[in-house]
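Presented below are the structures under discussion, each in the form of structure tokens.
You will see chain A twice below: alongside chain B first, and alongside chain C after that.
Entry: the complex of A and B
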């Protein structure tokens, strides 16, 4: 109940944030803009619309998740709203989980709005045959942003929004290159310290790259073996990883002086 | 009478980056606040007032010492159902209206349904914001925000209220309204822990006060006892110039004019000597009035003494 109350307030405030609305509007405009590539063949055109749509949703979602996440706790402390909330019968973990749930709801609402336009556009280009397979890609984007939000929330417990922005962005970039860090950790490099460094990067930083499923969705010839297991594994990975980050964030937040 | 707030050796030190020694925000605070009283918590900026309140609310952890609120350890979740807090210059979610804000806080206490509706209406009327209840808080003036802040602090019918500078930045009318409201809260049997720079307000409403400076408690006691005493003003007539000259050697100050002589002397034997001297010179004592110090005067005296 308390978590939901705080989550609803976080959602209500976030949906009125101008910067987040600008990200959403720009993303929607870019998805709509992809239709203008009418000079390609039908096959190429639909590929571009799908590719651009999923890419734009992922990038806009990333900005929304980071901008929202980095301010979750510091903004409440700066404005002193946290004092009136935590002086009421609200446990610190309830506050933190409420803020996290609120940010997830905001991401969900934003992704859903972009997705509706995107799927409608693809359906229109497909003679009104909607491609529900795209929902799998959108689901992966949501879980990637869910994981990213938990990273931003963890840092927001003990850093300023500016530092958090760079930290979370760096983690996202490194995590998006997890195929490369894996290759480097198994490569020909002789120095075990360098190999160990890449191994640690690959295994400790969230593997955001695993959530990029655009290629098989856009190019039907690319096939993921055991598709159900692949998606389930990644979703479970996101849930477990985010849960660990949330537990660390709660432990740090419990001891923090406000 | 039961104790609403008690601290024993409450101490808070902060470690700052690049500083070898910790900063002492509060050192060994021992106070007791009785239920049903308005307790003034005074001190200049940086005295440790807000740090103390935050520790009492469980927002900040003490370095050492302990605190109890309504008989339970500070920060206890059950105690928080019976207390409330209004921070200095509070900011609330600006997109909400007055009604929505109170609904949010009522939900945190799990007050719902018709009880919530009635409570919100009552509070909005109490703080004079009923007609502005649907306006977003972004359109509220500073005084209105302070009043909605007080309303949120009353949403759970608290036994104990912590007010941090509740009248800061308000116009004289709003000032007086909030003063009256604090007095009304005492009449209702609630305890108010009032941290304020507005010494005239504190003087008008508080039963007891604590004065802090640089994290240390300098004075604690009943306001009446603190302010009364000190000096006595004696007014007499019928004294000639030679008598006035003689009294000048006995009194702390002497002012003569229009046939009246006004003398002041610190409480104690000196007062009797001045009166005896007036009588010996065949003067007539018109009045002997113990002077009440102002809280501001006392406060400045104490702070100056410590800073010497």
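Entry: the complex of A and C
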């Protein structure tokens, strides 16, 4: 109950934040702008609209998740509201989980708004036949941001927002270079220290590239074998990895001097 | 928090880490199956002789999962270049777009088309040296997107028409395209045309019959299906026409016409020359011209590259681009003084080949000579060896650099 109350408050505060609303507006405008590429063949046009839509939602969601996540704890400390909250019968882990849940709800609301515009736009281009398969891509984007939020939350426990911004962004970029880290960890000519380093990067840094499923959604001829299993594995991966990061965040937050 | 709870949480974290590693090991091979760009190769590709690294301005977008967006926006940029006539800028863009996203079907098609047709001399003759790169690019598209009828059919059409005139290969790709699930009905009709160009008239007739039946079956299911009606009517008309032509051309071999072919080359000045001659066939008969380095050969490329040898010269004017006859005479003046890049003429020896190929002739000419030249003969230049099964007339003239420059 306490967690839900904090989550609702966090959601309310986040929805009033101008910067997040600007991200949302720009993203919606960019999705709508993609229909202006009407000079191509139908296939090219729909490819561009879908890729732009999914890409813009992913990138806007990433900025929203990072900007939101880096301020979750520091903002409360700066405003000293955290002392009021923790002086009440609210345990530290409840506060942290409430904040995390609130940020997830905010991301969900933002993604949903962008997705409605995007799905409607694609449906309009398809003579009002909605492509519900695109929801799979949007689900993957949500779980990617779920994982990213947990990274930002973990860093927000012990760093300033500016440092956190760069740390979380760096983790996101390294986690998106999955193809490269995987290839380097398997390179035959590399020595075992180099291979071990890349193996650790690939396996211990959250692999955000796992959630890039735009290609099969944009091109009907590209098929993911065992699609259901693939999506399920990614969702479990996000939940398990986020759980690890949240537990570490809780452990650190419990020991932090206020 | 109690210390016992803390210990339990630490144990949970330590227990979950191997689970995460295991999950990642399960996800990796599945992702590799559909994700464009593999390993370091997602940043580097081979273009011609040297590797090319993805331009830095695109790296940021691609590493954060925006490969398809970057590819799409680059293609939008390519469209701007097209409208401004900057064709040379389009080809590198098509390479980058298809490298970022190898499932951009139309980029392969349009890229190949640009290569095959849009690099031209001042008289709008396409640069023959780009034909093989165009075909290789489209084949790469087929390799990356097997079972997409549009690409296979398009490749067949490039080989069939306009420039290549490689009918056997065209037939192969057209049949492949038409056999895909997403094939459109006109692709089935194109098979009949390709059979005809290969001289396989009975097969062409069978294919027209197949198309007629196909159209009828579809019309039974839906009498308002305009595509089926079109398919049926076109196929029926072509089938009937072909039967009439077959009957008309049946006895042409009994009294072959001596076409009395002659052809010549005359230097008018540096890089200016005239090709002329005569042939005893109806007006608008086409004469094909090939003026190329003596050792010029068209090899298949194992990997796409748009690099062409700047020292090679290959002036080809085939089929509908060839020289048309009037009153039994043909003549064309070439002035390539401004086209030193396309026609460098740097070698010492050249070969000029003038050909009348019945397979490439329009129908009204074929009515006189037959599908494969059954109705012609020539005392000097009849050639039955270059293209087995075809009786063409072909004159080869050997030239030296001083004859042209």
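As a convention for this text, the second predicted complex is superposed on the first by the 257 of 258 C-alpha atoms of A that agree within 3 Å, B and C clash if a C-alpha of one lies under 4 Å from a C-alpha of the other, contacts with A are read in each partner's own complex, and residues count from 1 in each chain.
The working rule: contacts are C-beta pairs under 8 Å (C-beta built on N, C-alpha and C of every residue); 3 or more make two chains touch, one makes a residue touch a chain.
This one's a predicted model, so the numbers in the text were calculated from it and none came from an experiment.
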Combined model on chain A where chain B meets chain C, clash or fit: fit
Touching partner for A:5 - first (chain B), second (chain C), both, neither: first
Which superposed partner A:160 touches (first chain B, second chain C, both, neither): neither
Which of chain B and chain C A:81 touches, first, second, both or neither: first
Touching partner for A:247 - first (chain B), second (chain C), both, neither: second
Where the C-alpha centre of chain A sits as vertex, the angle toward chain B and chain C in the overlay (nearest 10 degrees): 160
Which superposed partner A:126 touches (first chain B, second chain C, both, neither): neither
First (chain B), second (chain C), both or neither touched by A:52: second
First, second, both or neither for A:179, with chain B first and chain C second: second
Between chain B and chain C, more extensive residue contact with chain A: C
Least C-alpha distance (whole Å) that remains between chain C and chain B when both complexes are overlaid: 11
Chain A residues within the chain B interface of the complex: 1-2, 5, 9, 12-13, 16, 79-81, 83-91, 255, 257-258
Complex contacts: residues of chain C adjacent to chain A: 1, 6, 9-10, 12-13, 16-17, 19-21, 23-28, 30-31, 33-43, 63-69, 71-72, 75-76, 79, 101, 103-106, 145, 147-148
Of all residues in chain B, those that touch chain A in their complex: 14, 54, 57-61, 77-78, 80-81, 83-93, 95-96, 104-105, 107-110, 149, 152-153, 156, 162
Residue ranges of chain A in contact with chain C within the complex: 37, 39-41, 43-44, 47-48, 51-52, 54-56, 58-59, 62, 92-93, 172-173, 176-180, 182-184, 202-204, 207-216, 218-219, 221-226, 229-230, 233-234, 236-237, 240-241, 243-244, 247-248, 250-251, 254
